[in-house]
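In the two assemblies presented below, subunit A is common to both, partnered first by subunit B and then by subunit C.
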Partner chain A sequence: MTEHIPDTVENAAATPEKDQPYHLLGLKPDEYQRIRDILGRRPTSGELAMYSVMWSEHCSYKSSKVHLRQFGQKVSPEMTKHLMVGMGENAGVVDIGEGWAVTFKIESHNHPSYIEPFQGAATGVGGIVRDIISMGARPVAVMDALRFGAIDHPDTNRVINGVVSGISFYGNCLGLPNIGGETWFDPVYQANPLVNALAVGALRHEDLHLANAKGVGNLVVLFGARTGGDGIGGASILASDTFAEGGPTKRPAVQVGDPFAEKVLIECCLELFAGDCVEGIQDLGAAGISCATSELASNGDGGMFVTLDNVLLRDPTLTAEEILMSESQERMMAIVRPEKLDAFLAVTTKWDVEASVLGEVTDTGRLVIEWKGQTIVDVDPRTVAIDGPVYNRPMEYPAWLDALQADSPAKFDRATGGDELKKQFLAILGSPNEADTDWITNQYDYYVMGNTALHTPDGAGMIRIDEESGLGVALATDANGRYCQLDPYLGAQLALVEAYRNVASSGATPMAVSDCLNFGSPENPEVMWQFARAVEGLADGCLELGIPVTGGNVSFYNQTGDVPIHPTPVVAVLGSIDNVARRLPSGWQDDGENLYLLGVTHDELGGSAWAGAVHNHLGGLPPRVDFDSEKNVAGLLSAAALEGLVTSATDLGTGGFLRAVTDGVLRFGVGARVWIDEIMDRDGVDSTAALFSETQARVLVSVAREDDVKFRGLCDGRNVPVLRVGVTDSTSGVLEVQGLFDIPVAELARVHRGTLPAHFGPVVGG
Partner chain B sequence: MATVIVDVMPKEVLLDPAGKATARALQRFGDGEITDVRIGKRFELTIDGEVTPKLLEHIGEIAKDVLSNEVIEDVVSIRVAD
Partner chain C sequence: MRVGVITFPGSLDDRDALRAVTLAGGEAVSLWHGDHDLGGVDAIVLPGGFSYGDYLRCGAIAAHSPIMSEVIDAANKGMPVLGICNGFQILVEAHLLAGGLIRNDHGTFIRRDQKLRVENVDTAWTNKYTLGQEITIPLKNGEGGFIADDETLKQLEGDGLVAFRYLEVNPNGSLNDIAGLRNKRGNVVGLMPHPEHAVEPGFGPDTADRMQSGVDGLAMFQSILSATVLS
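So, the complex of A and B:
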């Protein structure tokens, strides 16, 4: 075996003509030239490794940066009032009062989850949880937004089984409740599933930590798992490349996660924070040590000296370049004052976590890395981490879009009687995207830690943060790729208002947004146009609603062959509630309560579940967005929750009115009688629209009889349109749609809960 | 009746959490000379009849496609038991 001879800075200067495989690392010729210009010589192989991973789409946001700026520009003072940390850090931090703050973020792990669904999804959870730890918070819950291919495609079974077991394995081992998320099936995700993992953590204001390396002479410490050959180059090769159809599947080394090591790391980090042992901290994710050292140095005093020989290795044969690029999981990097090192190591030893001092913070403005006594990296860290390439990619209005929007579902004949409406309703209820997801969520532990107030199938998950006061947070994620395909600007706003309404329907007040923007290739001008429109829509929408985007991530190159996925901007909204005891469940429990519909109904069926499930159609325009109405309804729900005036709230989303009624019925198995005549009269719509239209800003609530007058007064006072549309019935065991049809509750349950098990096998605990 | 034994190991470059935990436990018990443990799987396939080269080849395919996950594991040996 010949020993690997590292390429030194001296050697690089002396051999300028050496041929370097930059294209295999994902760098374009002009990007490589730019590195040479920055350094004034050719990069060493170590420097090339660092630049290639850090300048990859995944790490540098080079195609999205020019658009994402809007999230920082379209901001009102109202939006930053509660914001302690905004975009740019590992995760945003929001002040929720009583000295508490929460941090949350959603991130993609799409491509690894197609190659190796179990480990890909598991390490997705692990990665997002480390982002939360690195802010100084204790992780308290996770959620997942998932997209799979057609439910009846044979490969979907492999992917969904792997992804769901991976998430449940990692999350359950960590002891974190999985409180929500959403799942869609569509052939556009067949060879490119989406796995977007969200984590939320809680911290006291004074515990906030940031990722920067300040204080000359402070030590750079790597701790956690050892560094091995996992996922080398994963960041640039995996996340920024497209899976070519036909050819052999790309199967590079993926990462394997160890949730028990991560659990220990959480407790170890929290004790380090409590003991004031840490000045700055960064988790190691994509691009490993390359990313952590260059980002910490860029965000601090600007310089760092690292001896790579001090990295504890799992595999001693790793080369310097491999160590720089390794994506081994469950690692963290901390900046520690020298006099605190003993205390630091005492804590890591207590938790049986290995740690090694790699180097120190300097004020030279250079990141210098040594290996076997020679300098192999000498760069300005900002050129690696911050001032990477920025592209104004060409954009083009999609050639097919006008025809798609013109193909409205208005062409379909409307149902003429109760029997036909019933048939359509059951088709929607059992369709893959409307069906119950117990098959997935029953594999997750949603009660561990004992602070879960709401969880799937409730529209939002809710966690108690303060056990004394009951202060808590609610979270919901949403994205309707069908709407986004019809109109990415409106589609992104619809994802936002849906998540906002889900949070409001739990009784919480929406406060902040994190987004995970999943799109096709940015090199396709039509995809780039979709991306730009979606970001613009989301930024405009957040400004209208007065809630800031605090962070998130962008995932490009999601496509199968040449076909991009539907634009899927997953929006997570976080809200706070003074006392989780005042939460609103998503279903009614008592007999004889009145059901009220908030908001008005228009005939809006473009991109709807009705169009998809009944007519296998996608075309026309998605529903309109009305931010004032959304804010009004949310304000009303928050007031009603505070005064205890409503006993449940279910927002109307896909599937419309009847789908919301079904959620209300099935949550606790209590039937109801509903009527739609008054909706039809007041709003001038037919029965199909009254039952299935997906008009926004509508919520179905149940109100106890004794609170009826007060509740109606509240609606009048806040100018929220309201209609009494039904009564609950705990004795009949039936959902009656007056004058149209009856369905036994048991049959509703059978249809709604039968679809996933029919394809994937029995429900755990079901 | 013959038995064919298939051994599957986690890929060398990848972390083996169970193996790592076992190694740490052994070291805690005082077995300092054991520096690493890797845990794999052994399959014993009972064959009705003779093991032909063709059958072994077929078992090779099964081992790769079904018994192991080639993304994270390697089939390290296939042999007929004595």
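So, the complex of A and C:
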């Protein structure tokens, strides 16, 4: 074996003509030239490794940056009032009062989850949780937004089993309750599933930590798992390529996760924070040490000196370039004052976590990395981490879009009687995207930590943050790729208002947004147009609702062959609630309560579950968005929850009114009698629209008889349209849609819960 | 009554167990796996989790951690010890309870609200229940299948050492529907389901009466307060 001779700065200066494999690392010729211009010489192989991963789409946001700026520009004072840390850090931080803050973020791990579903999904959870720890917070919950191919495609079984058991394995072993998420099936995700993981953490205001390297002479410490050969180049290569059939296998490029190491790392970090042992901290994710050193240095005093020989290796044969690019999981980098090093190491030793001092903070403005006594990297860290390429990619209005929007579902004959409506309803209820997801969620622990106030199947998850006061947060994630395909601007806003309404329906007040923007190739001008429209829609929507985007992630190149996925901007909304004891479940438990529908119904079936499940159709326009009505309904719910006037709230989303009624019935197995005549009369819609339209800004609530008058008064006072549409019935065991049809609750449950097990295997006790 | 909860690397439900002890009226004391010191506690809980990453076998490494030599000594002298989930696995690995726990028969992790029957109330941890009482507490595990050889199983049944049995659904393929065991003396109890997740109204399993209001696990932590050290 010949020893790998590192390419030094000196050598690079002396051999300018050396041919470098920049294209294999995902760099374009002009990007390579730009690196040469920045350095005034050719990069060393180590520098090339760093630039290539940090300038990849995944790390640099080079195609999305020009659009994402809107999130920082379309901001009102109302939106920044509670914002402690905004976009750009590892995760945004929101002040929820009583000295508490929460940090949350949603991130994608799509491509690895197709290649190696178990490890891909597991490390997705691991990565987002480390982002939360990096802010100084204790992680308190996770959620996941998942999209798979067609439910009956043979490969879907492999992917969903791997992804769900990966999330289950990693999240459960970390001791983090999994409190919600969503699951969709659609052929567009067949060879490109979406695995978006969210984590939320809580911290006291004074415990906030940031990723910067300040204080000349402070030490740079790498701790956690050892560095091995996992995911070398994974960030750039996996995230920049699509899966051409017949190409070489990329299996080794997916990282392998060890949740035990991460759990220990969480506790170790929290003890380091408590002991004031850390000045700045950064997790190691995509691009590993390259990313951590260049970002920490860029955000601090600007310089850093690192001796790469001090990195503890799992595989001693790794080259310097591989060490710089390695994406081994469960590692963190801290900036530590020299006098605190002993205290720091005492904590890491207590938790059996390995640590090594790599170097120190300098004021040279250069990131200098040595290996075997020679300088192999000497760069301005900002050119690596911050001032990467920015592209204003060409955009083009999709050639097919007008035809798609013109193909409205109005062409379908409407059902004429109760029997046909019942048949359509059951088809919707059992369709893969409306079906119950117990098969997935009963593999997740939502009890651990003892603070879970709401969890699946409730529309939002809720966690108690302060055990004395009951202060808590609620979270929901939403996206509807079908709507977005029809209109990405509206589709992104529909995802936003749906998540917003889910949080409001839990009794919480929406406060902040994190997004995970999943799209096809940015090099496709039509996809780029979809992306731009979605970002614009989301930014405009957040401004309307007065809640800021605090962070998130962009995932491009989600496509199989030439076919991009539907645009899928997953929006997570976080809200706060003074006392989780006042939370609202998504179903009723008591007999004889009145059911009220808030909001009005229009005939809006474009992109609906009805169009998809009954007519296998996608076309027309998605529902309209009415921000004032959304805010009005959310305000009413918050007031009603505070005064204890409603006993449950179920948001109306896909599937419409009857789908929400079913959620209400199945939550506790309590039947109901509902009627739609007054909806039809007041809103001028037919029975199909009354039952299945997906008009927004509507919520179904149950109200105890004794609170009836007060509740109606509250609605009148706030100008929220309200209709009494039913009454709960705990003895009948039936859902009766008056004048149309009856369905036993047991049959509802069977249809709703049967779909996933029929494809993927039985549910224990199900 | 001071009740210690041991934190191993990879313990997850240690805070929950501490909270359960407090809610039951006891004084909760946090103990560390690396110490050789039980801190003067009167009883011990080994909490759920994935101690040492469940490497080798669930509970196998934790059973040999420093503090376990003190725990085993104390248990043999009659100190009440409760093992929950991973804690049950540790007690089995430490030979304080019989049998073994293997991968669920269906192969996946399962979380569900599980109905149990209390089979034995003559222990430090079950004396607040009534014999045959049906309770619902959360279950969540990947390796909860109880196994034992025929002779051991016969002996467990014959000696009345089954503390809890799964009702209606056997969630993991456990032999004889065994969910939890006691030792002969009645001071050591282990079970796979999690009583500490059913102790506080609003955060437990749903009941017919009110959402998440199930507190059937609380009696286990109250039992210990009235139990005297069984010497």
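Keep this in mind: the second predicted complex is superposed on the first by the 757 of 766 C-alpha atoms of A that agree within 3 Å, B and C clash if a C-alpha of one lies under 4 Å from a C-alpha of the other, contacts with A are read in each partner's own complex, and residues count from 1 in each chain.
Everything below uses one rule, namely that contacts are C-beta pairs under 8 Å (C-beta built on N, C-alpha and C of every residue); 3 or more make two chains touch, one makes a residue touch a chain.
These figures come from a predicted structure and were not determined experimentally.
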Exercise. Of the partners subunit B and subunit C, which touch A:Asp315 in the superposed model: first, second, both, neither?
Worked result: first
For this session: Quick one: classify A:Tyr391 as touching subunit B (first), subunit C (second), both or neither.
Result: neither
Exercise. In the superposed arrangement, does A:Gly765 touch subunit B (first), subunit C (second), both or neither?
Worked result: second
Exercise. Is A:Gln119 in contact with subunit B, with subunit C, with both, or with neither (first, second, both, neither)?
Worked result: first
For this session: Figure out whether A:Phe412 sits in contact with subunit B (first) or subunit C (second), or with both, or with neither.
Result: neither
Problem set entry | Broader residue contact with subunit A after superposition on the shared chain, subunit B or subunit C | C
Exercise. First (subunit B), second (subunit C), both or neither: which does A:Trp351 touch?
Worked result: second
For this session: Considering only the touch criterion stated at the top, classify A:Phe741 as touching first (subunit B), second (subunit C), both, or neither.
Result: neither
Exercise. First (subunit B), second (subunit C), both or neither: which does A:Ser165 touch?
Worked result: second
Exercise. Where does A:Asn451 make contact in the superposed view: on subunit B (first), on subunit C (second), on both, or on neither?
Worked result: second
For this session: Across the two complexes, find the residues of subunit A that touch subunit B and also touch subunit C.
Result: 258, 260-261, 352
Exercise. Any idea which subunit A residues touch subunit C in the complex?
Worked result: 165, 168-169, 172-175, 258-261, 263-264, 350-352, 442-453, 464, 467, 580-581, 585, 589, 668, 761-762, 764-765
Seminar exercise, completed: Residue positions on subunit B within touch of subunit A in the complex are 10-17, 20-21, 24, 69-72
Exercise. How about subunit C: which of its residues touch subunit A in the complex?
Worked result: 9-10, 12-13, 15-16, 19, 34, 48-50, 52-55, 106, 108-112, 138, 140, 142, 168-169, 171, 194, 196-197, 200, 202-203, 206, 210-212
For this session: Enumerate the contact residues on subunit A facing subunit B in the complex.
Result: 115-116, 119, 225, 228-230, 232, 251, 253-258, 260-261, 314-315, 328-329, 352
